[in-house]
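After this come two complexes, each holding subunit A, first together with subunit B and then together with subunit C.
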Partner chain A sequence: MSSTIWDKLGNIDYRILYALSLILMLIPIIRPIGLPTPVSETVRGFYETIDNLPPGSVVFVSLEGSLSLLDEQEAQYIATLKILFQRDLKVVFYSVTEDGELIYNYLFSVVNPEKYGKKYGIDYVRLGYAPLEERGQAAVALDVRSVYPRDFYGTPLDEIPMMKDIHNWKDVDLLIYYYTSCTNVEFAIRQWVIPYHTKCIVGTLGCCGPMAVPYFPDYIQGILSGSGAGAELEVISGNPGPGAMMNDAKNFGILGLLLFLILGNVSYLGKRFGGESE
Partner chain B sequence: MSFVRRELPTAILALCGILLILEFFIPSPILQAIKSELTTWSVIIAATSCWLGFIYMAYAQLRMLGRNPTTSQYFWFSLPFIFFLLFFIVGVSFPGDVSSPQYRWLITYIYQQVGATVYAVMFFTLSSAAYRTFKVASIEAIALLLGGTIYMLRQIPLFVYICPWLLPLGEWILLVPNAAGGRGAVICAALGALAVGLRTLAGREVTLVEVR
Partner chain C sequence: MNFWDALGAFVGSFFIISVLSMLWKDNPVFKFGQQAIIGATIAQYVLFNMKNLLNMAIIPISQGKWTYIIPVFLGLLMYTRLSPSYSWLSRYPVSVLVGVGVGVMVPGLLRGQVIGQVQKTIVDITSATTTYDLINAIIILIGVVTAITFFLFTKEHTGVLGVSARIGRIFLMFSLGANWAGEEVWYLTQMIGRLRFIVEKLIKGVILGAA
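After this line comes the complex of A and B, so read on.
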């Protein structure tokens, strides 16, 4: 029994599809395209929220990151750190996943705060890791010391000059909430934004961005979604980084995905409405 | 036994829930202190549950080994424990603990690479799935495909460069229909959570304390 062209189109060997995907992603890594990156409204909101903070404002950065997913958010983290350190802000970093502190170690090796004239304990503090799900965010908002009596290096918070006046949500001007599990955006909204009206901007994976959009701009003032948003943040803040290359690679990967979608559906529609024989 | 396993946990849950709700509506320093204490306890309980997960994993692995005590099964059984011990011993043995170069080497060259590889492989599965299963067989599928395609094209600078109108259209899809639909879903989920919360407070939600 001979197969029609529609059958052939719908039964391409998956190894060919995989090879094509790989090639499409490798091209921009080997030879970056570097096309202009337009800045979306959600990324603009993220940047402007930080940019509009008065000097001396206190920013909490909550990191629920994963090393496995670092390529999705690395550009976001690096660009955000640069923006924060370029301004006169007091920044408190804490992590809620085991990988968080390892990611911070890496980020601080890439974006050295000393290079921006920032001193530990005066301009920024690392609190370390605690298994903070939603209840943990609630605990930090109520009393930072209930979860983190000491910083990452074991120093009691009361002995750190910057932390002397930082106790709870009343002392926080902005929460930057990074997460990798799509519905966790609600942790920040339920425990920081709704009860205390804390300003909040978020960063997440590309697939989670659309689920955060319903809260924009009333509850969260900005969203970074995937490496593409990281590249956009690099553009709007004027801090070049790894986002542009990652963006190119992923975008070409998406191109492959679209091609497969079209091929699969042309085959399906051809079989349904087209001729039966070749 | 039934009281200890069912009524007591339900009563504790209901009491904690009522106290936290009261704190939200009544600004009292006593209630705030109780809320602060309860949330701190819950963080400690969450940290302890990591060990519970480890014990449960060991138990499940042992049962699997009991059912199939072959050499290869012994290998697969011991593998997670070997890596657990490796990371644990290196993590506590060297100066700097988890910030020591030795531990960072393990994380960078084993954990991070394995994790990233597993995540990367998902892309190929996704491509294959898109090709084989996503068919425009209904109006809903066509709407999903059109919306998704326009939004994906908006993410590709090359297409935005060629067709500048993709940018506002993709933004509109994200910020208007997606936000409207998402808000509806969030409200529905919130009402569902409210119903479960009320059942818990009334002691009717047995699934919270009992696995069936």
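After this line comes the complex of A and C, so read on.
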């Protein structure tokens, strides 16, 4: 039985489609294009919440990150760190996944706090990793030392100058909550925002953004969703980073994706309404 | 670029390509890459959790915080699952985890996600200041109500309930579509990130010596 043009269209070798996608995405990686990046309301909220903090404010950064998902959030992390270190803030970093500390190691190699005149123990502290699910976040809010008696390097928190006056939620002016499991935004809301009215901004994957939006702006004042939001944060904060190039490549990749969707649908509709003859 | 950076670029690129080779077909290089990554990840997780156990339990106990023995004991009970005769003991730590988890979660859930969100759905309509906000709030209200009716399974979806459930299904489809689009774009980003690694670290950095 001879195949129709619709069959041929629907049965293009998937490896050809993969190759086409790769070529499309490689173009902006080799030669960045600089497509315009408008800043959304949620990203503006994220930036302005940090920007409006009074000098000396204490910011907690909770990182539930995964190395295998780093590409999606790298631009967010880098831009956020730069914004934090460019201001007079006391920043406490902690991670709730095993990969978190490796991500911090990488981030601090890219955004060196010393270059911004920040000193460890005075301007910022790394608490390290603890397997904090919702219960752990509740414990940190109640008493930081109950979960992190020592910092990442093994120093007791009471021996770190910056931590002497930081004990619980009362001492936290802003929580920056990064997560990769879509419903985990609720941990921050249930354990920080609802009981203590802590200001909270979040960063997550592109696919998790829609699930955080219902909480904006009443519970969370800003959302970064995916690498696109990272690029927007780079634009609004004036800190160029990897987000812009990722955005260009992503736009090209989406063109490929749209092409596949169109081909698949044309094939399906053609087979259904176009008849069997070639 | 020093020797170790160059080696990192080669090793990283090799594993990226080995895993991507699955796109062509299953092969031994893919299997090697996959198993090496799993092995390295498990080793890293074990090390981090041992350090965590040391900081959160062993050191505090050695400093005289004897109450920390209770959670350690409960944790050890989890291992009784390995023995069919004593596996029932693992129910105690599981019960504690579930009990504490629910206790911690429920107050915030009720106040923030149930009462707060229902309230917000209604208040948005009454407090809308522009036509755009009002239309938005009405769409959200219709979406919430009809989507909830879609999940009413104790009554047949006919008449008004049927219409509402069908509208709710359309809203759900929009929602799933948005999530799926986000997921697709996320996959693209992962691919772009790895291509970027190969281009910047290996090709530009090592082969062309640009870095």
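Basically, the second predicted complex is superposed on the first by the 278 of 278 C-alpha atoms of A that agree within 3 Å, B and C clash if a C-alpha of one lies under 4 Å from a C-alpha of the other, contacts with A are read in each partner's own complex, and residues count from 1 in each chain.
Assume a contact is a pair of C-beta atoms (placed from the backbone, for glycine too) under 8 Å apart; a residue touches a chain by one contact, two chains touch by 3 or more.
As the structure is a computational prediction, the values presented were derived from the model and not from experiment.
Student: So in the superposed three-chain picture, is A:266 touching just subunit B, just subunit C, both, or none of them (first/second/both/neither)?
Tutor: neither
Student: If we overlay the two complexes on their shared chain A, which of subunit B and subunit C does A:5 touch? Say first, second, both or neither.
Tutor: A:5: touches no partner chain.
Student: Determine, under the contact definition given at the top, whether A:18 touches first (subunit B), second (subunit C), both, or neither.
Tutor: In the superposed model, A:18 contacts both subunit B and subunit C.
Student: Looking at A:205, would you say it contacts subunit B, subunit C, both, or neither? Reply first, second, both or neither.
Tutor: second
Student: Once the shared chain is lined up, is A:105 touching subunit B (first), subunit C (second), both, or neither of them?
Tutor: A:105: touches subunit B, not subunit C.
Student: Which partner does A:27 contact after superposing on A: first (subunit B), second (subunit C), both, neither?
Tutor: Neither subunit B nor subunit C is touched by A:27.
Student: In the superposed arrangement, does A:216 touch subunit B (first), subunit C (second), both or neither?
Tutor: So A:216 only meets subunit B here.
Student: So in the superposed three-chain picture, is A:41 touching just subunit B, just subunit C, both, or none of them (first/second/both/neither)?
Tutor: The first partner, subunit B, only.
Student: Can you list the residues of subunit A that touch subunit B in one structure and subunit C in the other?
Tutor: Shared contact residues on subunit A (touching subunit B in one complex, subunit C in the other): 18, 21, 68-71, 101-102, 130-131, 133, 135, 138, 147, 195, 206, 209-211, 214, 228, 253-254, 257.
Student: Under the stated contact criterion, what part of subunit B meets subunit A in this complex?
Tutor: Where subunit B meets subunit A, its residues are 24, 32, 35-36, 39-40, 42-43, 46-47, 50, 98-99, 104, 107, 111-112, 114-116, 118-119, 123-124, 126-128, 130-137, 145, 149, 151-153, 155-158, 160-161, 167, 171, 174-175, 178-179, 182-183, 185-186.
Student: Flag every residue of subunit A that touches subunit C in the complex, lowest number first.
Tutor: 15, 18, 21-22, 25-26, 29-30, 68-72, 74, 98-99, 101-102, 128-131, 133-135, 138, 147, 149-150, 154, 186, 189-191, 193-195, 205-211, 214, 218-219, 225-228, 242, 245-246, 249-250, 253-254, 257
Student: If you look only at subunit A, which of its residues touch subunit B in the complex?
Tutor: 10, 12, 14, 17-18, 21, 33, 35-38, 40-42, 66-71, 101-102, 105, 130-133, 135-136, 138-139, 142-143, 146-147, 195, 206, 209-211, 213-214, 216, 228, 247-248, 251-258, 260-261, 263-265, 268-269
Student: Any idea which subunit C residues touch subunit A in the complex?
Tutor: Subunit C residues touching subunit A: 23-24, 44-45, 48-49, 51-52, 55-56, 59-60, 100-101, 104-105, 107-109, 111-113, 116-117, 120, 175, 178-180, 182-186, 188-196, 199-200.
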